[in-house]
Amino acid sequence: MRKISMQEVERHNTPDDCWVVINDKVYDLSTFQSTHPGGSEIITDNAGKDVSNLFNEVHPKDIVERLLSPDACLGFVDEETVDPAKHTVAGKEKAPSRAQQHVLEPQAAGKTEGQQWQKPPLEAMLNTFDFESVAAHTMTEEGWGYYSSGADDEITLRENHTAFQRVWFKPRILVNVKSIDMTTSILGVKSSFPLYFSATALGKLADDEGELAISRAAAVNDVVYMLPTLSSYSLDEMLDVRQPGQTHFAQLYVNPKRERTIEYVKRLEAGGVKALFVTVDAPQLGRREKDMRNKFTKTTDVQKGDDVNRSEGVARAISEFIDPSLCWEDITWLKTITTLPIILKGVGSGLDTVEALKMGCAGVVLSNHGGRQLDTARSSIEILPEAVAALNGHDPSWRSRFEVCIDGGIRRGSDIFKAMALGASAVGIGRPVLYSLASYGQAGVERMCSLFKEELTMVMRLMGTPSIADITEEHVLYSNLMTHVPAQSRDHLQLDTYEPLRPAARLK
Amino acid sequence: MRKISMQEVERHNTPDDCWVVINDKVYDLSTFQSTHPGGSEIITDNAGKDVSNLFNEVHPKDIVERLLSPDACLGFVDEETVDPAKHTVAGKEKAPSRAQQHVLEPQAAGKTEGQQWQKPPLEAMLNTFDFESVAAHTMTEEGWGYYSSGADDEITLRENHTAFQRVWFKPRILVNVKSIDMTTSILGVKSSFPLYFSATALGKLADDEGELAISRAAAVNDVVYMLPTLSSYSLDEMLDVRQPGQTHFAQLYVNPKRERTIEYVKRLEAGGVKALFVTVDAPQLGRREKDMRNKFTKTTDVQKGDDVNRSEGVARAISEFIDPSLCWEDITWLKTITTLPIILKGVGSGLDTVEALKMGCAGVVLSNHGGRQLDTARSSIEILPEAVAALNGHDPSWRSRFEVCIDGGIRRGSDIFKAMALGASAVGIGRPVLYSLASYGQAGVERMCSLFKEELTMVMRLMGTPSIADITEEHVLYSNLMTHVPAQSRDHLQLDTYEPLRPAARLK
Amino acid sequence: MRKISMQEVERHNTPDDCWVVINDKVYDLSTFQSTHPGGSEIITDNAGKDVSNLFNEVHPKDIVERLLSPDACLGFVDEETVDPAKHTVAGKEKAPSRAQQHVLEPQAAGKTEGQQWQKPPLEAMLNTFDFESVAAHTMTEEGWGYYSSGADDEITLRENHTAFQRVWFKPRILVNVKSIDMTTSILGVKSSFPLYFSATALGKLADDEGELAISRAAAVNDVVYMLPTLSSYSLDEMLDVRQPGQTHFAQLYVNPKRERTIEYVKRLEAGGVKALFVTVDAPQLGRREKDMRNKFTKTTDVQKGDDVNRSEGVARAISEFIDPSLCWEDITWLKTITTLPIILKGVGSGLDTVEALKMGCAGVVLSNHGGRQLDTARSSIEILPEAVAALNGHDPSWRSRFEVCIDGGIRRGSDIFKAMALGASAVGIGRPVLYSLASYGQAGVERMCSLFKEELTMVMRLMGTPSIADITEEHVLYSNLMTHVPAQSRDHLQLDTYEPLRPAARLK
Amino acid sequence: MRKISMQEVERHNTPDDCWVVINDKVYDLSTFQSTHPGGSEIITDNAGKDVSNLFNEVHPKDIVERLLSPDACLGFVDEETVDPAKHTVAGKEKAPSRAQQHVLEPQAAGKTEGQQWQKPPLEAMLNTFDFESVAAHTMTEEGWGYYSSGADDEITLRENHTAFQRVWFKPRILVNVKSIDMTTSILGVKSSFPLYFSATALGKLADDEGELAISRAAAVNDVVYMLPTLSSYSLDEMLDVRQPGQTHFAQLYVNPKRERTIEYVKRLEAGGVKALFVTVDAPQLGRREKDMRNKFTKTTDVQKGDDVNRSEGVARAISEFIDPSLCWEDITWLKTITTLPIILKGVGSGLDTVEALKMGCAGVVLSNHGGRQLDTARSSIEILPEAVAALNGHDPSWRSRFEVCIDGGIRRGSDIFKAMALGASAVGIGRPVLYSLASYGQAGVERMCSLFKEELTMVMRLMGTPSIADITEEHVLYSNLMTHVPAQSRDHLQLDTYEPLRPAARLK
């Protein structure tokens, strides 16, 4: 590989002729930039610069090799040509948190000068919403936009949790609930309670320790962590922090280039991972407008025509990492290259659940990808009874060789109970992990998980079900689970004319 | 025709004796003014003046001949009698946009002085709502009032879109969705995707290029444009901008004077239009109070008794242009004067859909006229299953000779998918075209249409339906589509007494 | 009758020893005050004074004789003892309107000083809600409290109109609707459209002309007015303003002293009234807390123990004017004293509707007394299908001798159509009459009624039903009319944590 | 017992070595503090101090003996060692009310300085919500947090009342309702109307007179009071204020040490209590976050690691007072130690209701513990039809030996009627008692109860049911009682883009 002067790099500073330095190597990203899932702007805005800092903030070191074609790497930067004084290193300064930003620009936030946000103590976190509310301050605008956003109108995003509130409890009394046993097994793996940390991308957007902190917190709480494909740390780094006795599952995006998938699965097997969760609900990444909107509040001058490229860019981008042609035959193929149990992650109907069973999969995760893909897709808790009924109809003994998990919207211990009652083996959580990580690091994730345990203990005790096996469909009422009431129009004339009743006194 | 001095014109300046100059001709509008669909005020307020500017702002030049009786034209104005210094030309200055108005009168808008609205770049438009929010600034108060208003309490206006949110997706997985084919044909006409631009009146209220810009944008996006009867440009002008290979449909208001309809249909046929959409839901124009309210926020002195005339005026007005006696026999007659396929636009029940089929129509558009006519009329997406069931009951092979389209409330690509799933051939859009036109001109319409395509592509991919033909009723759940929940009363005492839970931290 | 000096009167100025002067006569109201429907405060606060002005503001002159026992009148006040300088005449100044009050005390209303409310021109009134919004300004606090209030949480008050929004239209097309005929007959009386003015108490609270103005407006609009029992003008005064050809119905509260009812019915018959509407839903007046609350915002010093008397007072009060022992046998008796058709006003179930038919009544008014009596009583439009089904089940030919009307919550022409579609003969309106009267006097009532006609014309045209007889149950969808959704709890944690989507631009 | 110097006490001032003085005795609370239901902070914050004042503010004197093991008491404090000048007496000053607090710190409450809250006169209280709104001011932050909070998201807390609004009335007319008889009997005890005061803990948090005031008010209103186990006054003190002819029921938490339960039941029997309500829905205390949140708004420095102890502490704490192993066999045992009728309080399903009947219980209270235990548990009014149907299915003659009561969310007289209509014998109220006590003392409780009577009288009169026995299921419509609609997501884009209709005028 040849040595390249920094001055030469700096001359390739346009979208069509775009070189950058990443960790001392020079890359030509002229082609790649338009398919970058994080948007082409972050690359083209820094064309001709050393972007190592920006890159390392969110990406694992091995991702360049895993994703870029070998000829993208042009050589090494000649260190002698780097003038430290004028050397342009993009992303040197960490981006400010949202709370900092609002202090720096108080007027933009409608705040009086000097007001400053105080992070509450960790002990003040009482539920998952608390972590989310803190993370909204401690995260950067970009990170928050990426994690918190959902598809289109975010109807499914919110429905995911709301749907649980259409399942009501029928508690039983006078059952000895002195000791509560929440332990269970998920795909043959013991777990302290029926919950696992699902795969989520780019953990460094939440915390420098990223996936490593999540993995350690999972070990402390004795729950399984599903390693993400699009992690901020490399697979080896994630496996390295594994604690004695800890079990990992792994997420799998099937690559258009199947040999890369074969290679990755081999690494997972070698690393001792216990199950493969194949993502099947993301042949294309969803439109997340909250995230997209971010770009325009910052940008000052936008070139015309830019939009066409960008808006189609996302669609084109997908085929670089994720295969939109993935189909049932590929599952058959996948079974030939591994002995690991295969679980389909992102199933949305009873029909496909039965199909997965027929194909010899070990289970499914009913999921809509956290509301990030298809808006007005049903919540997983709503699909669950349909899936269980379909399985029962196909083969009453399915439970001996198949498991149904769900994820999306689990925010309370009671949500876990309801999923168990309707037939799930376990629930996966994503954003609660990210938000607790982003607000208090590993300690936050541990406490978040403890709160879930505490809540589930209480619910099991109050429901009269001392063990997971005691939980049955008889414990819940879900007759109007499918009653979707969308945002309603308001009768403005009537309601703005009507003068409301008032109580005798009000504090404010 | 005689020459008339401007001084003589100026003397006829009362509602009962009302002359105006339009493009150098003098008209006596004493009778006509009370039946002017845009309100008599705009005419009587300018009695005795040259109103050419006002007129040309929204009307095509041929409309006077098409609508007024020949004897309304009194002659030419004598140009020598026109004193440029004192010549009163109404509407010389363009009306200010709503954003401008609010800058000029900041206090009325509750704004601090000097604050000025900045139009976002076109690239920042991410969905149809964005265009609407921009158009609310860039349009004049009159134009906005006319486009945005709906009948009565605007319940149907809002229900139109909301109803789509009661249809939920049942996505299928592991289908090869690498290439998505959205092409389809509407009434035998190829279209890049199952959407057409429906007829909307007075395009110049949105943009000077009006219908011409819409037509050109339709060509760029390879979709069909249905030419409006009440356009701002004349039919010839609209046909003139047709691009090679572009197809037009045409809207038809049947005129009480049938010979005018015969003449108009001949012109449409000669112009190469491919289908006639006969409006059947507007024997009378609906009451749109937001629009009506506009008049009173401006008017300073109102004469007593005025009201009776005006309120009845609208009802009387209709018979000038649109025949309230139109009935099924007229459809039989219409078939005798043209070979073009006839589609009934504005059908609201399964019964009338079957009736249209029996009458030999080529199809129907289920529609409530954008919520502008009959409040609490059902949304078209709600009528769709009823219509399809009725057709199936009447003749299972109906699809070979009949098509069902819907319009009203389509704001997302997912809405198009849902309409296809429930049996529609295509969807029509109206306001999204007007709003995108009013905010960014032809480029706005193009981008709006691109966004729809982008969204539909994504939905089809995520639903596992690579082509339009793959979309079936099995892909959606619409069991509570008919659950209408109106604006609810609030339990003020309970809710104002209750102290809400709060998350640990909040950004604002 | 003896002459009494004003000085003597002034000494009887306590609740237990309470004399007042009304139109030159001296009355001892020590007993009566505790049963005054308008509250005892208004009387005891003015003990020892000349209250003629206060009295005449709302009461007819003959009410004292009709309600008080003869020995309550002690004699005439000796005019020579009245010192004009210090003579205390209660209520000399008219009470200020709510708008005036808020100008006088701007801070209490949270308004900046000097801001003053401007009444819009009558022409700006576009619907019934507009009149209500103006009346909220022009009325006094007391009048507004009395008219606008409903029972308990006012759930039924609001449900009355809201329920209509759960009935949706199924319009028919291509019907000749050139001429619309809204005329109908109610109990054999011709009416310009199927609506009548229902009886409402104390018209002077709205306007000095009170019931006289209402009666005149009814004549102008060719609708029937049901004369109230508790009117501000005497029966004779109301009958005196009857126009040629005008028809009146009359409301009847059956008095515990039956001879008074006999006498009143005779006067009604002699006066040419055409039907008796016997109020059956008010054996006790409802608790209207908005009205009750008024008293405490004004009162400065409240004596302890007062409450027990007052709260029971209302219950005791009722037996003075209205007989809580009224039962079906009394209807039998009523038929023996009059040949007028008897209609039961305030029926709330199908069972009682059939019972009314069996008893030989001419009809019923399904009603909950404008939501003023029993909170969470069903709306009349909801009861209507139950009542019609019960009648059909009892005797399919019932329509030949029986009519079903409804009242409560009719605010739109479309509401009238829906009532017709579900089987009603006519609808009654109350508050719309009072609010339009309170805001613009007789002209207001006329315009309000015209707007109803204009709206119904439009709805009938757009529904394809040129005459009242054309309206059928097939024109509406009311499958979830009985879906009562109460005010819902809000998911504060989720919703206060969630950051909402925003459109690209907003006017404010 | 030895004498201990105050100086020695003061040295034991850490969580792990924690002594306090209570009413002249010295206790070592090092172990107990972590299981204190009111939180360990209140104890550890005052380690080494004389806490008598704090203690007596909420606890009865006998509770130390009833709950602490005998060896926790170390001896008497040596009075001579107490230096009055520096003697640290915790809680000397009464905690400020919430209204006072907000005056002292106006900025924290967003109030302008000097604004002060005025308590309305008792006569202004028109319903139970009024008392709650006043209590929100007059109570301390701690007391309010304890009383007003519910489990988790407080969905059940609010559903409890809201569910009643899904039961609608079908009033009957023309029934003689001159005299209304609300008297009834509950478990054989006469009552002035079908309501009793349910047991609620720590009455002193509301008023110094606590349970004594409640008991006296019950006597005045002739209703039964169920004595709480966790009262602020001792059992003897509560029994001492019993009025001639007054009846008490008693709540029973079964203690893990059964001998303590035996002893307590004997005291109840000796005291003349007439029925035992065994609490069966609280094997563990629920998580009430509003209450938990309180601690963190006050605390300034929090030590790390504290959280784990505290959050698990609640769970461990329970076994000290309440037996989580309580089961059906214990009911059998309970019947052997007493002849009092046994009622299970906190039943949540039809199955357990029938089980209670089979076990020979005298009845059940359908309850979710005021929404304080299990969130999304169903409301008692919703369970009621299921329970009655189950009983009817088991033994149609059950009413001869079994009663079903409900509590939770009863706020209106109409709620009582609805409970009767669906088969309840009586309703219990808790918070309305506490709030009326906290706002106006005993007089408040009396008026609150009078208002319930006044409302029920009115409802029975307007429903046409002169006695309790006349009330039947036919009087209500509850077809969508089970339609749970959770908090809904809002369509932000649509609703924030849409410009609402406005009435012509508005007061503000």
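Note that the chains are named A, B, C and D in the order they appear, and that numbering of residues resets to 1 at the start of each chain.
Criterion: a contact is a pair of C-beta atoms (placed from the backbone, for glycine too) under 8 Å apart; a residue touches a chain by one contact, two chains touch by 3 or more.
All figures in this text were calculated on a predicted structure; none of them were measured in a lab.
Subunit C is reached from subunit B by a rotation of 90°, derived from superposing Cα atoms (nearest 5).
Two copies of one chain, subunit A and subunit B, form a contact in which under half of the residue numbers belong to both partners.
Averaging C-alpha coordinates per chain places the centre of subunit A 42 Å away from that of subunit D. Annotation for subunit D: residues 120, 124, 126-127, 129, 132-133, 136, 153-155, 158, 162, 165, 289, 293, 296, 483, 485-488, 490-494, 496-497, 499, 501-504, 506-507 touch two or more other chains. Taken in their complex, subunit C has these residues touching subunit B: 120-124, 126-127, 153-155, 158-159, 162, 164-178, 412, 414, 447, 450-451, 454-455, 457-459, 461-463, 477, 479-480, 483, 485-488, 490, 492-493, 496-497, 499, 503-508. Residues 98-99, 102, 109-111, 117, 119-120, 124-126, 129-130, 132-134, 136-137, 152-153, 155, 280-281, 283-284, 286-287, 289, 292-293, 296, 299, 302, 304, 306-308, 310-312, 315, 319, 323-328, 330-331, 344, 346-349, 351-352, 355, 368, 373-378, 482-495, 500-503, 506-507 of subunit D are the ones touching subunit A in the complex. Those residues of subunit C whose C-beta lies close enough to touch subunit A in the complex are 127, 129, 132-133, 136, 148, 153-154, 158, 161-162, 165, 289-290, 293, 296, 411, 485, 491, 493-494, 496-499, 501-502, 504.
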